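Both of the next two complexes hold chain A, though its partner changes from chain B to chain C.
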Partner chain A sequence: MRTKISSRLLAASSVLALGMTATACGGAKTGDTASSESCLDTSGDTVKIGFLNSLSGTMAISETTVFKSLSMAAEEINADGGVLGKKLEIVSEDGQSEPTVFAEKATKLIQDDCVAAVFGGWTSSSRKAMLPVFEGNDSLLFYPVQYEGLESSDNIFYTGATTNQQIIPALDFLKQEKKIESIFLVGSDYVFPRTANKIIKQYAAANGIEVLGEEYQPLGSTDFGTVVDKVKAAGADAVFNTLNGDSNVAFFKEYKGKGLTADAMPVLSVSIAEEEVPGVGVGNLEGQYTAWNYYQTIDSETNKEFVTDFKAANGAKAVTSDPMEAAYTSLHLWKGMVEKADSFEVADVVDAADGVTYDAPEGTVEVDGENHHLAKTALIGQVNGEGLIDTVWSSEKPIEPDPFLKSYDWWKN
Partner chain B sequence: MKTSKIKHSSPYAGWLLLAIALLVLAPAVLSDFRLGLLAKYCCYAIAAVGIGLAWGRGGMLVLGQGLYFGLGAYAMAMHLKLADAGPGGVPDFMALYGDAAVPWWWEPLRSGAVAVVVILVLPVIVAGLLGLAVFKRRIKGAYFAILSQALAAAFAILLIGQVKTTGGANGLNNFQGFFGYALFDPANKRMLYFVAAGILLVSILAMAWLHRSRFGELLVAVRDGEERVRFLGTDPANVKLAAYVVAAVLASVGGALFVPIAGIVSPDDVGVVASIGLLAGVALGGRASLLGPAVGALLVGYAETSLSEAFPGSWSYFQGALFVLVILLLPGGLAQLVGMAKRTVAHRERPALEEAAAR
Partner chain C sequence: MDAILAQVFTGISAGAVLLLIALGLTLTFGQMGVINMAHGEFIMAGAYTAFVVSTITAGTELSLLIALPVGFLIGGLLGLALEASVLRWMYARPLDTLLVTYGVGLVLQQVARDVFGAPAKEVPAPDWLDGSIPILGYDFPLTRLFIILLAAGCVAALLAVLRFTALGREIRATVGNRDLAETLGISTRRTDRATFFIGSGLAGVAGVALTLLGSTGPNLGTSYIVQAFLVVVVGGIGHLKGTIVAALGIGLLQAFLAHALTGSVAQVIVFLAIVAFLQLRPQGILSVRTRSLA
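Up next is the complex of A and B:
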């Protein structure tokens, strides 16, 4: 009886599926080229833009801050008369820390809300999930976080650092200033740490640095007893930390608890900014190093104004960090591109992008029209007793973006 | 006599309403984007129909259906990646993260026919073996629930760990075509919707048959008195196994359709939270009823989208409140409301009829 019914079900559903697929004959076949028309409407006094950040889920703690700095930038621009005389109208969506949701909400912002550009994303997986959506709909995404490089899409502007503006300068710092001869790699198990470590290992091989170990833990893991034991036993000159999120709390507690110090075995982190320091604990982090392109402590008029405004909007305890600054900058850069192009059309904006500059809190940044990244100055920082980060080393001038590491002869993908 | 007639005809009337809503109404009024979302909810609903059988009718709290949803989804996604790469080609992400070679266990999925067979047969094998091991040993209740959830968690962790061959946390996406049809074309997207809605409707019909069959009666008997069924000479393990396998296949089919519709699958879509999400719709709709699981899954999908669009910062509170309210006020799900409405109507009709008769 049972088998009879399930075979009947199978037969019925496959007939139905086949029949319906057959009726799809009018549709395009693979290999045809896509053509998409934007439904962007610029006839009114406002223009819509989308903010797509994880306001719920594990990434909410970080991405909410990006949402706040984007909102601040939009308010500033509106107070200043808008873009091409049109006020910005924000459509905000929650990416829910899930790649699938990022893809869905990006589609919604483009097709349903007809936004001129979207700002947001944080994790590599959220960016990878959105990339085909923006390419398929020929729309624009501004992605504000440092990432693993090896990517360049015509439809994305990358306003955070690529690897040659963060990871490679960090290694230069460790080699030249800290004179390290060996290193231990600790990271979360996903694409950014794995790609970063691939680059680090090739750099190390070319520069005579010995990699004494490479450990990965799943995102969100808080079990670091064994990892720290291995780090301690290996006795490397420094640790390169690509852990993300809560794992850092467990790692640094364990690190301090097992008697390892910033003086004897410094840890250089690439995912801990001002926002994360209180969560990990100032006591656990003091003296450790970070690599970014912006710190709250940067001594410039533009930055002082940025920090004051941000605190005014979000409370005196609010801190500013690199991804927030990069997001804030991304909105101003888009404004610059649109005004240079004198158009909101994606093709015009992309054509106008090359050479657009903005006097950002981190210093002046310039868009590279070829690979859609920014020229940025690399800064190595050290966590101080107040939980802020002081610059201890700088690349002095902006580094041209090189997402595919073409200018490094030791690199082989 | 009359009430029993209503009872028997109403599932089909409900099914017909759902069919009209899905096949006629929705395509007429919804934009391409919204229809795409409804297609996605249909995929969840297909899995939910299976959960309705295993949990609602069979009493097995299947907390880890994401495992089977994921098996179907990844099998389909791997096939689509290989088809995009062309004969002998290597999927894009493997060149980026891996050693640019297609692993042996990917190779068979180059063929679309093999992919379809895998989607239908792999869940039978996995659920069959697991079910045999579990039900024959008379593991049930919370132990079974925990075990099934642990498997979904383990599957997600396994996928995340294998960046080179599964795309890790990024999952698999950027599909160009679906069995020769370009996915960027809205006409093909609409057809995918019809396929998903059609399979959902057919699977609900199949459930109606199953519910009325000897097997369906036995399943409810096992749920309500497993030992009694055993004493009557039927092995409850076989009955449960069959229901569990059917649920697994439906979840796998839902997952396989999800991939071309959503354009992506990631470990987040198959893990513990996703599995509970599948269950939530079933609980909301009414797990033991025929239409409850599917309608509940469609409603939960719709509610999640519209709440998160209306309140991007605080929607999850509303969703939580909704579940608390349903569990407190309607433990039988929305299907209970329908039952209550019917009873009220019957009560009102009866005096009216008696009055009419007296005259």
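Up next is the complex of A and C:
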């Protein structure tokens, strides 16, 4: 009898254990929206700004590098005399890969630390969780990652690409350069891939491209046997990959293992940057395509300096990637806005934002005061044998941001 | 027919992965009743062992084969350390061990992040596992074949140890009746430690093998621990044969559902099926009056 009871107990407690690991993603807590006058103090020699990145948890893999490039930008600005004559004082908080923590820490940065602006966030869920905090407190967030678009807050500046600067140019490339007639969609099962694929399917329908399949795997899944079987059986001209994180490793290993190659069936990925290439394995990725607005290999003086400085600060093996560059650029853009406004007040900064430009490593970017995104040049890259990404195609000029895709008549939300 | 065959192969190889990650847990959870949430991090330690070995041997063809025993040792030693420092004080308090080992797992993840850095590492597969071989017209990746053989080898070795060695007899005796085993002169403390060593070592082996399929990062363990517990609970706690049946069953079910539907939906249905199954048979596929292993 004793054994029976204890095995029941074990079963029950192991179910509890499963629950503990499975409920990592809770609903986003609405931040403290008790609006208070900003307590920003600009009387001294310094001005506080907040960095809010996940330095622990599952997203630390990506966000730590954003933190490093933000720190580098702050050091540069301070060495150059600061902003409006004031040195930047960094208050750094760990978002711990939890949207609720992002909301709490954002509230702390705004209300307790009285920062002038916050830089950070990565996942869309972290941004969505912070949005009411920044709107409620009328404060500023600079968000550095490409995302699914369809958003525009007065209190957020989006310095990564929106869909018409990454996904649509990627499809243009596949259609015009690779002459594809059919495509297979593979993605992680959450908001970004689902939204991206909705756009891709409407683009495909309007452009005579046949979508031969659409497969989603749970975030973090590493079992791609069945998915790759389906991709192979469908025989599309190309695969559009919106998988995120570790799933990419498993997907590309399985892809290569089943004999699929970049020549026969190229994969275009929108979440694999220089940082992720070594983890997936250069051998598994060589020849495959990516879509971003920045690559380490960009041949310009500004970028060479950026790469050299970053390696000097973080070791010769460190690589630079799109989100890092967008974060680095975001701090410089904020500096430009503050100096144009001649004020640290949020309302003044927002009013001055339109038309502020910065000669970024990716090229010159310009802030759109209307939707708070940047005009950016789209770059299609191909992974080379050294694990870096070479530009093989680019948009003719910076693409104006269009987060709600209003200028595309085939788009119906 | 081709599709069915493909799913059978995919299911078996997914089942072999589940079997590898759950095998060690069958021992520690099954025999000792320890809910070791850090089992996933022992798997992660095995994966990092493979990375370190492949770096030291500069990617020679044999690094994988060297990493397997080293991974077993590292996993086993971590298990021993956990047992000696924490778990021995809280046997018979399963809920406490659950929380403590969950914390230990988080600590190990952060240690890995600090030592190896947050980005995932690549462990190159040896050339002799590159590509695929056609079996009945289906291109079977060699890495998957290797994992199936490894899982089979681990099961065979574990069965042999339990059945034919003195240690195995002591383990079975301790599981069968701890008090009686002690009166017969068996040191159950020593047996517990040995069991934990083997169970944790198997997690290390699983970690080495998983580098062939996925990435080697600090979160490797968390993505497998839930599945490992599911397999053990469905198979019947502490029952090795049940674990094998459960691993292959879940693997095949998942493969066929993912083929017919989509990956996400398949996972939901598999979870629902497991919940329904445990309602009907809370003791799992196989059950015994005493919690024996073989």
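Rule of thumb we're sticking to: the second predicted complex is superposed on the first by the 377 of 413 C-alpha atoms of A that agree within 3 Å, B and C clash if a C-alpha of one lies under 4 Å from a C-alpha of the other, contacts with A are read in each partner's own complex, and residues count from 1 in each chain.
Following the convention adopted for this analysis, contacts are C-beta pairs under 8 Å (C-beta built on N, C-alpha and C of every residue); 3 or more make two chains touch, one makes a residue touch a chain.
Since this is a predicted model, take the numbers as computed values, not measurements.
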A:T261 in the overlay: touching chain B, chain C, both, or neither? Say first, second, both or neither. neither
Please work out whether A:T46 is in contact with chain B alone, chain C alone, both, or neither, and reply first, second, both or neither. neither
Give one of first, second, both or neither to describe whether A:T226 is in contact with chain B, with chain C, with both, or with none. second
For A:T364 in the superposed arrangement: first (chain B), second (chain C), both or neither? neither
Under the stated touch criterion, which partner chain does A:D189 make contact with: chain B (first), chain C (second), both, or neither? both
State whether A:S56 touches chain B only (first), chain C only (second), both chains, or neither. both
Look at A:E215 in the shared chain and tell me whether it touches chain B only, chain C only, both, or neither; answer first, second, both or neither. second
Go through the superposed model and pick first if A:G283 touches only chain B, second if only chain C, both, or neither. second
Give one of first, second, both or neither to describe whether A:V133 is in contact with chain B, with chain C, with both, or with none. first
So which bits of chain A does chain B touch that chain C touches too? 6, 8-10, 13, 16-17, 20-21, 56, 189, 218
Under the stated contact criterion, what part of chain A meets chain C in this complex? 3-4, 6-11, 13-18, 20-22, 56, 58, 60-62, 64-65, 189, 215-218, 220-223, 225-227, 229-230, 233, 246, 248-250, 253-254, 257-259, 275-276, 278-283
In the complex, go through chain C and note every residue touching chain A. 3, 6-7, 9-10, 13-14, 17, 29, 33, 35, 37, 94-95, 98, 102, 110, 113, 118-122, 124-125, 131-132, 139, 141-144, 210, 212-220, 222-223, 225-226, 229-230, 232-233, 237-238, 254-255, 258-259, 262-264, 267, 278, 282-283, 289-291
Taking the touch rule as given, give the residues of chain A at its contact with chain B in the complex, in rising order. 1-2, 5-6, 8-10, 12-13, 16-17, 20-21, 23-24, 26-32, 34, 36, 55-56, 92-94, 96-100, 103-104, 107-108, 111-112, 123-125, 128-129, 131-133, 136, 150, 189-191, 194-195, 218-219, 413
Note which residues of chain B are touching chain A in the complex, please. 31-34, 36-37, 40, 83-84, 96-97, 120, 157, 160-161, 163, 168-171, 173-177, 179-182, 184-185, 187-188, 191, 194-195, 198-199, 202-203, 205-206, 209-210, 213-215, 242, 246, 253, 262-266, 268-269, 305, 308-309, 312-313, 315-316
